[in-house]
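In the part that follows, the structures are each spelled out as structure tokens.
The following pair of complexes shares a single chain, chain A, combined with chain B in the former and chain C in the latter.
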Partner chain A sequence: MGIHNKRIKVLLAKSDQDAHDRGIRYIAEVLRDAGMEVIFIRYRICDQVARVALEEDVDVIGMSFYSSGYTYDIPVVLKLLNEKGKKVKFILGGIIPSDEVPRLTEMGVSGVFGPDTPTNKVIQCITS
Partner chain B sequence: MFSKETLKKNRAMEGRWRKRVGKKLGEKQLKAQTSGRISLKAVYTPSDIKDINYEDIALPGEFPYTRGFDPLRYQVQGWMMRQPVALGSTKDTRERANFLERLGWGLYIGEEEKNKRAYVGPALDIPSQQGYDPDAPEARGRVGRDGVSLSTMWDIEKLYEGRNLERTEMFWATPDGTLPCVAQYIVYAERHGVAQEKLRFKAGNTTYRQWYWDSAAYPPKEAIKLAPELISYLIKHVPMAQLQGITGYNPAEAGATPVQEVAFGLATAIAITEECIKVGLNPDDFVPNFHGHDHTSLDLFETVAKLRAKRRMWAKIFKERFSCKNPESLRLKNYPQTGGSLLRRNEPENNIIRVTIMALAQVLAGSDGAWTASYDECSNIPSEKAAQIALRTQQIIYHETNIPAVVDPLGGSYYVEWLTKQIEDEAYSLLEEIDRRGGYLKCWESGWLRSELAREARKWQEAIDKGEKVVVGVNKYVVDKGDHLPLFRVDPKVEEEAIGRVRAFRAQRDNERVKVALDALRGALIRIKGDWPASCGIFMPALIDAFRADCTIGEAQGMMKEVLGYGYT
Partner chain C sequence: MQKLVKDMLQGDFYALSRLMTMAEDNSDELPEIMQEIDRYSGNSYRIGITGPPGCGKSTLIGKLTTKIREQGATVGIIACDPSSPFSGGALLGDRIRLQSHFLDNGVFIRSMATRGKIGGLSRKIYVIARLLDSFGKDFIIIETVGVGQTEVDIYGIADTTILVLTPMVGDYIQAMKAGVMEIADIFIINKTDIGEADVIAEDIASVLARRRKPGDWKPFILKTQAKNDVGIKEIDEAIKSHRKFLNETGLASQRREQSRKQEFLEIIKEKVLDQLTKLLGEKEHFEAYLRKIEKGEMNPYRACDGILGDKRIWEALFSKVSSHS
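Moving on, here comes the complex of A and B:
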């Protein structure tokens, strides 16, 4: 199988403190139906997200936040990945205020998708 | 319910109606359905409710309480205003509560000043809910952000300082942490000379609600034990406490249709009651103090019908299945909340209208409480302005619309009575299926319940994705993609201060005494885990002793998770 035919491998992650998982579970199904390999984890401490991403050698990380934890978790995960030289496409979902987006983009986040975003936009962002 | 003659006349009228409609529609078919996909006709008549036994509708105040359990409802006492208030520090929370109290907020709407009681329902921040003290690694970036941080006796001192506890109704918005919060409050009251017998609060203890979104601290077989453990303590020592929350709100937010919401809610109440019977309690001693927390959607009539159906089913189930004799056991006290997932970030002001419609459904259904979300809650915890509008929404409905003048104003409507019966029938079938599958807890353990919800959640989102379900300003008539809410944020300093405070608290207490108390707590939990139901009743006293020794919420709940949890390390 050539490199171009490789299935895109996506890690979806959500803090186990952050209850509402309806959105990320829906995205998991949509991405799987689009032919991607999807791993979904609930993490206790955000360092675990970077660890799983490295162990599973994923192409994409998607994290979902319905509470404020993203302000702390995202920079930590990105820093841990950078330290290991791991390149991934990093996307976010959930309740992320739009005025945070420029700061997150600068940090290396490729897309921020709030509730009701048409799912083809998420797929487009991953495959572009 | 109707004479033969009336039904005959009605059939003739229906015939004429169908003819007119046929001409108007031609080939076109009507395809209306409720939000929960119950097919609807364009009009309802006596034919649709002729087979309903009138005694099933009855009058307000009469079994089976379809029309509410109070014969007069809001004319005599307004609904309970279930607004949660909590943000940042305990000081911020107090200031917000004081602000809303100046606007007329209290326990019951319309209550005269001299009788007024306070309602204190702090939403705890996520770490406090999950049993992490502010300095735990898991709490980083989350302290005080989505509620108030409640960890030590110092926090609770600040939160309740100066309150007359005997005239205050407490509620803690924490699903897994209710037992520690109750124990801490009992010790706080004790230190201020108020005996636990005089306290009033609603104990949520909705551990099961966390299964709806995979955020649970305890597996079903352990979580269920915490219900009789708390209930058996409270009925002995805190007679005015509301004992157990029964939520339909959380299943609905996780994707449940109204029929599923009713069935899963009732299945929860059944499972908890059965567990309490197992430890030797009599349902008539505790079921009267269960309290419901249901969902309200924008499908106004379906919501009203759902709330009426649930009241009726509750009455029948506790009468027939559990042979309850106490009339209060048959009366479901229900405090619905406006559906959070129905609020939208695009054009957020529209949420004021959405919340108003949902609040109308709560009131038209004769609910015991109303809980109106703030329009900015889709993005953040409420700003002061948004919290004010949410309160004003309830006050305007109560004082300006005349709706409270008549009990169950939609009772007798062909449509609403038909839909009430329809939801009841479908929910009974689902309850039977849950029974066939071994009961509520088995349905969680097997994963069946979760997959039923996931399927509905997916259908809902797909319908929005495809534009079949219209959300104004979101997938139709879209003019602006950004959200322009003036964001309300909590100062990150709150976290640093909370960390400093909990460490200072631990430094000044007798840590040897804490260790002894926590060891005793572990011993009690190990017995609860291994020797159930014989061990029921030993944990709450040990927990209260732990707070007498000044342990923290994180330490107490951490110990519960360590022994009863999913294998936390």
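Moving on, here comes the complex of A and C:
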């Protein structure tokens, strides 16, 4: 394994208002152990997520929501990335109602991984 | 690639970001990119910030950046974190403390994993710094973890090197007379709200006094509480003072010369080592050496002499390296 070969870069982001970060921190470690470079941030407004994703040129964005922030935040982040022509794989965690998943998938979300998701599913989604 | 460079030079931060990715991933176009940006670089002032984990480096960088921005200058921040030697992955957690700067166009932040490089910095750090330089950032702040004698690479790239400690690292000072303590231009004892800083400050001062020769820079020893905005102005002034000293004594250009030489040696070492390592794995007759070493049938020193004395490896290395140039 060439340690200085290309690595998958992941941005994990959670809102300042959302205190439940154990899940996302756990995923951060899982992904690191799977060989990825993981940047973890908190954000006040979702514009910050897009900006960081662009500055760090990440391959994947993972956002976790324990509240309804995703309804507004996800389209805004996707729009800001589209404006710059940046393609990323977008995954979600936290509490997302299952009836929202089709709409989110249509928007461009590649996977929704709530609590208790086996971590290898997340890794598979990212590396496929 | 030329369009990317052109866009970057005109201020497109996403173009800058993509060029950085190309650099980190060892793009074949890297020498060309460097050639294109060469005449636009050489203007940034580089500040290196190192020290044991948990001393508040990132918070401090955030506050210092605010101070610099208040004075109308722009900042590029490169935060280095170690890659796991086993998985190759990394947790790049420094920028979480820099949230207040995320949307400031005068600040560009990039996190980098060390990707196997020892010495505390990431591979290609010189390239990333040059890109930020040509992008027009007045200051480049490079953050790295420095816990011991070997994490001194920051000295090669920074104009001013800052070591950040806390009152809790008394043992560290005792153990750390060599290495990172020898290269710092400014010592900061942060988080003075959690313990007594005077003893540590005195310890450092006496070590430095013993070493100092007339005419040498006298390092500042500052006490701060970065989180509470205490001492930030003093850090800014200390940096200005050091910069003035470097310019007045001509040391500035001397350090830059050394830095350029260091950069070149890094590039050439990496290139040769990469190709050599690949060769040893590829060519059958060298693999035989490796197998003998693994089994203990040949000692590594003899094997090394054997390999380096073999004309074939130099011919193979030459054709590999020149095919990549």
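The rule is simple: the second predicted complex is superposed on the first by the 123 of 128 C-alpha atoms of A that agree within 3 Å, B and C clash if a C-alpha of one lies under 4 Å from a C-alpha of the other, contacts with A are read in each partner's own complex, and residues count from 1 in each chain.
Convention: a residue touches a chain if its C-beta (ideal position, glycine included) is under 8 Å from a C-beta of that chain, and two chains touch if they have at least 3 such contacts.
Since the model is a prediction, treat every value here as computed from it, not as a measurement.
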item: Contacts of A:Ala19 with chain B and chain C, given as first, second, both or neither; value: first
item: First (chain B), second (chain C), both or neither touched by A:Glu29; value: both
item: First, second, both or neither for A:Ile95, with chain B first and chain C second; value: first
item: Which superposed partner A:Tyr72 touches (first chain B, second chain C, both, neither); value: first
item: Touching partner for A:Asp116 - first (chain B), second (chain C), both, neither; value: first
item: Contact residues common to both interfaces of chain A (with chain B and with chain C); value: 29, 42, 44-45
item: Residues of chain C that touch chain A when the two form their complex; value: 13-14, 17-18, 20-21, 25-26, 83-85, 87-93, 95-96, 99, 102-103, 108-111, 113, 115-117, 123
item: Sites on chain B touched by chain A in the complex; value: 126-127, 129-130, 132, 137-138, 140-142, 145-146, 210, 213-215, 253-255, 341, 344-345, 378-380, 454, 457-458, 461, 464-465, 471, 474-475, 482-483, 485, 487, 490, 492
item: Chain C-touching residues of chain A, taken from the complex the two chains share; value: 1, 3-7, 28-29, 31-45, 47-48, 51-52, 54-57, 84, 86
item: Contact footprint of chain B on chain A as seen in their complex; value: 16-23, 25-26, 29, 42, 44-45, 67-73, 95, 97-99, 114-116, 118-119
